[in-house]
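Here chain A shows up in two complexes: once beside chain B, once beside chain C.
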Partner chain A sequence: MEQGIFIFLGLTTVASAWFVAASQNLVRSVFMFFVTLFAVAGLYVFALADFVAVTQIVIYVGGVLVLMLFTFMLSSKETLEKLEESRHPVFTLKQFPALLVAAAFLIVLVNAIFKLKPDQLGWILQATNNTFRPQDNTVTNIGTNLMTTFLLPFEAISILLMMALIGAAHLARKERSFD
Partner chain B sequence: MNHYLLNILVALALFTFVALFTTFGVYAERKVSAFIQDRLGPMETGKYGSLQVFADMLKMLQKELITPLAADKILFALAPIIIFVAVYLGFAALPWAPGLIPASINVGIFYILAVLSIETVGILMAGWGSNNKYALLGAMRSVAQIVSYEIPAGFAIISVIMISQSLDLQEISKQQGILSAENVKFLGFIPVKEVGGILAWNIFRAPHLIVAFVIYFIASLAESNRAPFDIPEAESELVAGFHTEYTGIRFALVFLAEYSMMFLVSMVGVILFLGAWNTPLPNIGAVKLADWTTGNIWGIGWIFLKSLLLIGLQMWVRWTLPRFRVDQLMDLCWKVLTPLAFLCMLISGIWRLWLM
Partner chain C sequence: MLIGACLFAAGLYMVLTKSNAIQVLIGIEFIINAGVINLVAFGKYDRYHNSGQIFALFAIVLAAAATAVALAIILNVYRRFKTIDPGKIDELKD
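Now for the complex of A and B:
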């Protein structure tokens, strides 16, 4: 049963991601992206990372996806239609560099999968006596690590977000008229 | 296999509860509004109009499903389902009694916040799919409002979590009564673990949580799109907002979502601030009122009663206050509620470090 659900989630992820990339209708592909994100969150649950799964939904579905939809609805319909019409077939000279990069990346990935022997990796062998049960509380662990080992990156990210926030407020505020 | 059957049964039971509550809620809303406006409300169908909602439901089920010609048909049909399912998913993590919770998860409250944010996607889907400018404007307003008010609500919730040190709703509930594993202090000084009752509720364990509760309550009104925050469906400007084009059972689903959302946010408020399934009656000397009124059956009764009280308050507010203007709405959110919620969070941290 669990395996069935896992396979179902994996297939949903791949199929919906393919639809997102291939669809001619931009708005539909954004809504399909929602399905992809949800299925990926389900896969995180299978990895016993419930906190990451829920965070994925909060940030990507509640934040990023809504932001993308807002930009769609604020842009005019003509622009969207022009964007949709200007799709070319996949294999053209213009897209050759992109295809090259994608193919090279695929080769690297496939190579890595075949050369990697996951049973003999040091950190995986170490991790086998360090098992983790579904009932264990991951949140405490994440919180403690964020506040001790990873405090500097955490603070750096918060400063970055602060800068983004101030920048957004500056852009959005009304220009004072000098008269 | 029994395990899966049980899960399905629990889900069905929750759905039945949501549907029954909606019929009751619609009737109650009409009667409350009638009382506040000095009318009688529905009186014709059944005794005191008690069958009115069932008559409305029959009518709605028979109606034709109309899809506008210019609408995006798939998105239009899917949107009400997503809106309802988003709210319905939230019920999975809510505890009903000391030993009764559909799905006990470590990240309970965070999970509820996450699934509620899915509703915004459903609303945008409905607005865009309808291909109607009123629907689209309503959806934009609704989402802008929900996204803004999630921030003060979130910080009010965080100030509770900092006091209780857990995201697990069952754990948060346990701490507010005689079943608590750690010490409970009334106002941070007087130990009341043995006394329990209303004195051990979160809003009395740390009095600044009363402010947090008010912030949460206001934000929850906005998140369920109810007056005075009903600009998304302002009938004098936008016909009916994002559900303008919906008919029949799809419209019923949108309504079901609104009423289940009311119950969900009230229940979350009760769990976080008002003692969850704990009894309000304290132990007084030999009269062990709290011990007598704590248990699974009592728990369901208490949490249901407290949630109904909050829903009554929501209805009262809805029929008393006029609608906010958009700029007033955003001013309230960003200039009043958000700074206050930040302050509550700060006090929570200090409280936890020095007084608990």
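Now for the complex of A and C:
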């Protein structure tokens, strides 16, 4: 049962990701991107990382995708129509090198994973009583660790996030000297 | 991890082929997500320090910040060049 759900989520992730990659229609690919992100959040739940899954949904689905939808609705209608009419077959000669590079990377990664045998790594075998149990309360533990062990990265990333927000607002501002 | 690898390959393919900056951005998001899947998968074996999950959170926040900045840049580029095709933008400063 659980294995079945896991396989289903994994297949959904991969299939929708490839659909997004192959689709020529921008709107359709953005909506399939939703599906991919939800499936990835489900996979996080299977790795017993419920807090990360919730964060994924809130940040990506709530923030990033709304931002993307805004952007291409702000860009004018003609561009969208021009994008849609320029459809060609899914794999053209222009895309062949990219497909080759992607396939080569995939082969190398899969090969490395199979050679590594992640189930039999030393530190994972030693971590038998350090593994998450489904009844653990992860959120409390994450909060405590975030404020003690990982305080410096936490502060650094908060400052970086603020800089990114200010920079994005500055970049997106209307400038009068443009035309 | 296999799913992460597939997602990474899809993202790489998208970054290389797409003629639309927003789709390139989605490809980058896929690559980041593939990395985060691996962090979370191995974070399962660290119950006391949660380092995998915490760095997964950091990576998600970084991705969100990067997306915000990149979308602002795309808007600006569109306003200046009237196109969001990276292959057609060939000048740096007029």
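Note that the second predicted complex is superposed on the first by the 143 of 179 C-alpha atoms of A that agree within 3 Å, B and C clash if a C-alpha of one lies under 4 Å from a C-alpha of the other, contacts with A are read in each partner's own complex, and residues count from 1 in each chain.
Keep in mind that, in the parts below, a contact is a pair of C-beta atoms (placed from the backbone, for glycine too) under 8 Å apart; a residue touches a chain by one contact, two chains touch by 3 or more.
Note that this is a predicted model, so its numbers are computed, not measured.
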Message = Do chain B and chain C fit side by side on chain A in the superposed arrangement, or is it a clash?
response = fit
Message = A:G167 in the overlay: touching chain B, chain C, both, or neither? Say first, second, both or neither.
response = second
Request  = Have a look at where A:I57 lands relative to chain B and chain C in the superposition and call it first, second, both or neither.
outcome  = first
Query = Which partner does A:M147 reach: the first (chain B), the second (chain C), both, or neither?
reply = neither
Ask   = Which chain makes contact with more of the residues of chain A, chain B or else chain C?
value = C
Inquiry  = A:I5 in the overlay: touching chain B, chain C, both, or neither? Say first, second, both or neither.
reply    = neither
Message = Is A:T138 touching anything from chain B or chain C once the two structures are fitted on A? First, second, both or neither.
response = both
Request  = Report, in whole Å, the shortest distance between any C-alpha atom of chain B and any C-alpha atom of chain C after the two complexes are superposed.
outcome  = 14
Task = Return the residues of chain A at which the contacts from chain B and from chain C coincide.
result = 51, 55, 63, 72, 138
Key: Of chain B, residues touching chain A in the complex   = 4, 72, 74-75, 105-107, 110-111, 113-115, 117-118, 120-121, 124-125, 127-128, 136, 139-140, 143, 147, 150, 167
Remark   = The answer for chain A against chain B in the complex is residues 1, 27-28, 31, 34, 50-51, 54-55, 57-58, 61-63, 65-66, 69-70, 72-73, 137-139
Task = Please name which positions on chain C make contact with chain A in the complex.
result = 1-3, 5-14, 16-17, 19-20, 22-23, 25-27, 29-30, 33, 36-37, 40-58, 60-69, 71-76, 78-80, 82-84
Key: Touching residues on chain A, where the partner in the complex is chain C   = 10, 13-14, 17-18, 20-21, 26, 29-30, 33, 36-37, 40, 43-44, 47-49, 51-52, 55-56, 59-60, 63-64, 67-68, 71-72, 74-75, 79, 83, 86, 94-95, 97-99, 101-103, 105-106, 109-110, 113, 118, 123-124, 127, 130-133, 136, 138, 141-142, 145-146, 149-150, 153, 157, 160-161, 164-165, 167-169, 171-172, 178
